[in-house]
Amino acid sequence: MERELIVAVRDLTCRYAGAPRDALSGVSLEVRSGEFHALLGPNGSGKTTLLRAALGLVAPVQGRVEILARPAGDWSRRDLARVVGVVPQREESLFPQRVHETVLLGRYPHLSLFGGVRAADRAAVERALVACDAVDLADRWLWTLSGGEYQRVRLARALAQEPKLLVLDEPTASLDLRHEMELFELVRALVDGQGLAALMITHHVNLAARFADQVLILAEGRAVARGGPADVLTRETVERVFSWPVAIEPFEGRPQMIPLRQRKDAP
Amino acid sequence: MRRSTQRTHLAALLALAVGACARGEHVPVRGGLAVTDDAGRRVTLAVSARRVVSLLPTFTEILFEIGAGDRVVGRTAWCDYPPEALTVPSVGDGMPPSVEAVAARHPDLVVLYRSGPNVAAAEQLERLGIRTVLFDLNLLEQLGPATRRLGVLTGQEKRADSLARVMDSLASQPPTPSTRSLVFIVWDNPPIVIGAGSYLDRLAALAGARNVFHDVSSPSAQVSIETIAARDPDFVAVLTDSAVPPRYATRPEWRVVRAVRTARFLFLPGQLFGRPGPRAAEAIRELRRRLEAAP
Amino acid sequence: MKYVLLAAALLATLAAALLLGPANVPLGDVLASPILWQLRLPRAVLAFLVGGALGASGVALQALVRNPLADPFLLGLSGGAGLGAVVAIALHLPGPWALPLAAFVGAVGAMALVYRLGLIGGAELDPRILLLGGVAVGAFAAAVTTAIVSLAEATELRNAFLWLWGGFSGASWTTVLVILVYAPLPLIVLAAAARPLDLLALGEEPAQYLGADVRRLKRVVYLSASLLTAAAVAVAGVIGFVGLIVPHVCRLLWGRLHRTLFPTAFLAGGILLTTADTLARTVVAPRELPVGIVTALVGVPLFAFLLRRWSVS
């Protein structure tokens, strides 16, 4: 069965106003349902730009972006929010709110202008909380949550949008080992269980290798390698992109990167 | 000198001193003139002032009235009475006074109304070596003393004294029993009326009209239209040179006030009524005449 | 439940506004009295509408600049209105509508200027730029106002300042009608923006990902809130605290979702201002206090009380 093509990025070139070089240069990417894509690369390599361009927030200088076979620029923000659920890197929290309130915000793209919240919406919120194992958090205030709990709640909000594609921008940046693993497992489960597509920007090369179906490595706005983890994460590629000597060891059929010490004389 | 002559001189001086202390205003100093002004300052002149700058229309009027008009070398732009005053060069509108313009007239005396900015201006003039004198002039009672002291400083004591006596007798007159009531409205949005602390309130009382806001002690106060309507004055007095009803007269909310609805306005020209001055008696007579002429 | 409470408070406030006053209107004559129909009723209705406009405007602006300390007058509108009023008086513009119209034009001018500043360099109405621009424009307007005042005749301008400090003594049915015709459009626009504003609280990028057209939203909300405030100033002078405190009180009591916050802030703002106006004209009778002072004296302790209760719970 052909998987549905959700996002197609073709030869994308983007440049921010006044910048000396392109932020992205000739990058292509295809994300289909049931696929977990990881986006890797050093800081400033264009990962967030690619994300923004893929979602129509940044207009390309060259190239095309299509979402569900329509140009990204043609999508209204509201319609797009029903297809793509994003967990951004940062969000603000101006006034105190409860978990179920913030997850309900994910239903807003589905609510009519002056209409009320329907039973179907509450059911979607409930399902999202269940999928993220956050039902018991529903009545808690956001500011009382731990980092890991907070990320699960934000993921639940994205799920409440009932999207076809989940996009996560460095979701495990400040999480401890357990919560990090839990989050990756959760995304994997959603991809496998609900047929969602997932696109995740992450610094965690090893976990990306373990969990993702496809990996795209960016460096200085260019796509260095694209494909399955075993094909992409070779020693030469990783060392070149991240400018650090590594050793690659297989684990459960996936390459794992081990950074090497620089100073031989240190104990 | 014979002892008896000395004693006579001494006695005369003492008598004069005692007599002057009773007034408490001025003491002739040997070889000079001195008064105490309303800022508590002792103002002394070697000889009577020859070049006076007046920074209030009332002072200009008084100076001309007591025969010192030819010594006035500077006035404010507002000083328009008597007509001869218009030939005197203006030193600006006086709010606040332009120290430079005043100094350019080379005065030996500057007469100011006592207010915050004027006190500061007076200090600056004193620093330039120019004598200044500050008077309060909000009430009828203050006209007499101000007139007398101006008389001393300009050497026109006799005429000043007779004018002052007229002012004092006017000020000490008891209010005429009132048959009519009025309100002075100086602004409409928000409504500002005149209270007991103002000279206008006194004028009205002497002319036989009761100010319905006489119970408000300040010179002016913000009130609501409803309060004015509740107090139901017979007339609305407006300080204006025209005879056109004020712009709020046609508005429905103002017409709740009976006097506005029946167009019973008293139009009082600013020149005569706007400030306490030597023509206060004339103002009172004019107001009484208009009150009696109205239906 | 909350709307029942607010409605009851509104009725009580209106009753007080209509029955209290310096003129002794016997209860039997109340319905026939011109004092009631021409003075007290339009004044109460106007105070309610202006208070409601300021409350709703405060909610919108606090959401827009994502700052709970925002007040409708933070964006330079009061300075612009003051400048307009002073110019109208200094030029002796004729007619009873000269002053409110000039104040309105001044406020709208300030709004346009801050808006333009907010768009410089593609900033797209960045909240910090809006706030700084508002302060700058307000200060500039105040400086020009002071210059005019110092050069022109003093007494009339002093009275202009009294007007600017806020009050409903000029209330008339015509004024009420003008507001009734004018206010619904911006209010409806703000009501439609209620859900997107909930999203905006997460930040501009997250809001976009959740379906809000942030660019359009900010412009529309800024213009609507400013137009509401400009009308309020034109009619009643500068009345502070209502737009700042009422949104907070309503948020504490009834939550931060804008679908609830806009209507409750409108009602609460109207109730607060009508009460304040009744107090302003009865407490020091026969004199009147500027309404802005009463709103501060009433609003701040109320807010402190609520804050204590909320932080304890």
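Which chain is which? They are A, B and C, in the order written, and residues in each are numbered from 1.
Everything below uses one rule, namely that contacts are C-beta pairs under 8 Å (C-beta built on N, C-alpha and C of every residue); 3 or more make two chains touch, one makes a residue touch a chain.
Note that the coordinates shown come from a computational prediction; the quantities given were computed from them, not determined experimentally.
Novice: Going by average Cα coordinates, which chain is farthest removed from subunit B?
Specialist: A
Novice: Which chain lies at the heart of the structure, taking centres as C-alpha averages?
Specialist: So the chain nearest the centre of the shown protein is C.
Novice: Quick check: how many Å separate the C-alpha centres of subunit A and subunit C?
Specialist: Centres of subunit A and subunit C (C-alpha means) sit 44 Å apart.
Novice: Please report how many Å separate the Cα centroid of subunit A from that of subunit B, as a whole number.
Specialist: 83
Novice: Among the residues of subunit B, pick out those that touch two or more other chains and give their numbers.
Specialist: In subunit B, nothing touches at least two other chains.
Novice: Considering only the defined contacts, which subunit C positions touch subunit A in the complex?
Specialist: Per the touch definition, subunit C meets subunit A at residues 66, 68, 122, 191-192, 195-196, 198-199, 201-203, 205-206, 208-214, 251, 256-257.
Novice: So in the complex, which bits of subunit A are touching subunit C?
Specialist: Touch list, subunit A to subunit C: 17, 55, 57, 76-78, 80-82, 84-86, 88, 90-97, 101, 105-106, 108-109, 111, 113-114, 157, 161.
Novice: Show me the residue ranges of subunit C that touch subunit B in the complex, using the header's touch definition.
Specialist: Within the complex, subunit C touches subunit B at residues 21-24, 34-35, 38-40, 42, 94-96, 99, 153-156, 159, 162-163, 167, 169-173, 281, 285-288, 290.
Novice: Please give the residue numbers of subunit B that touch subunit C in the complex, ascending.
Specialist: Contact set of subunit B toward subunit C: 93, 95, 186-192, 213, 215-216, 221-227, 229-231, 247-248, 251-253, 255-256.
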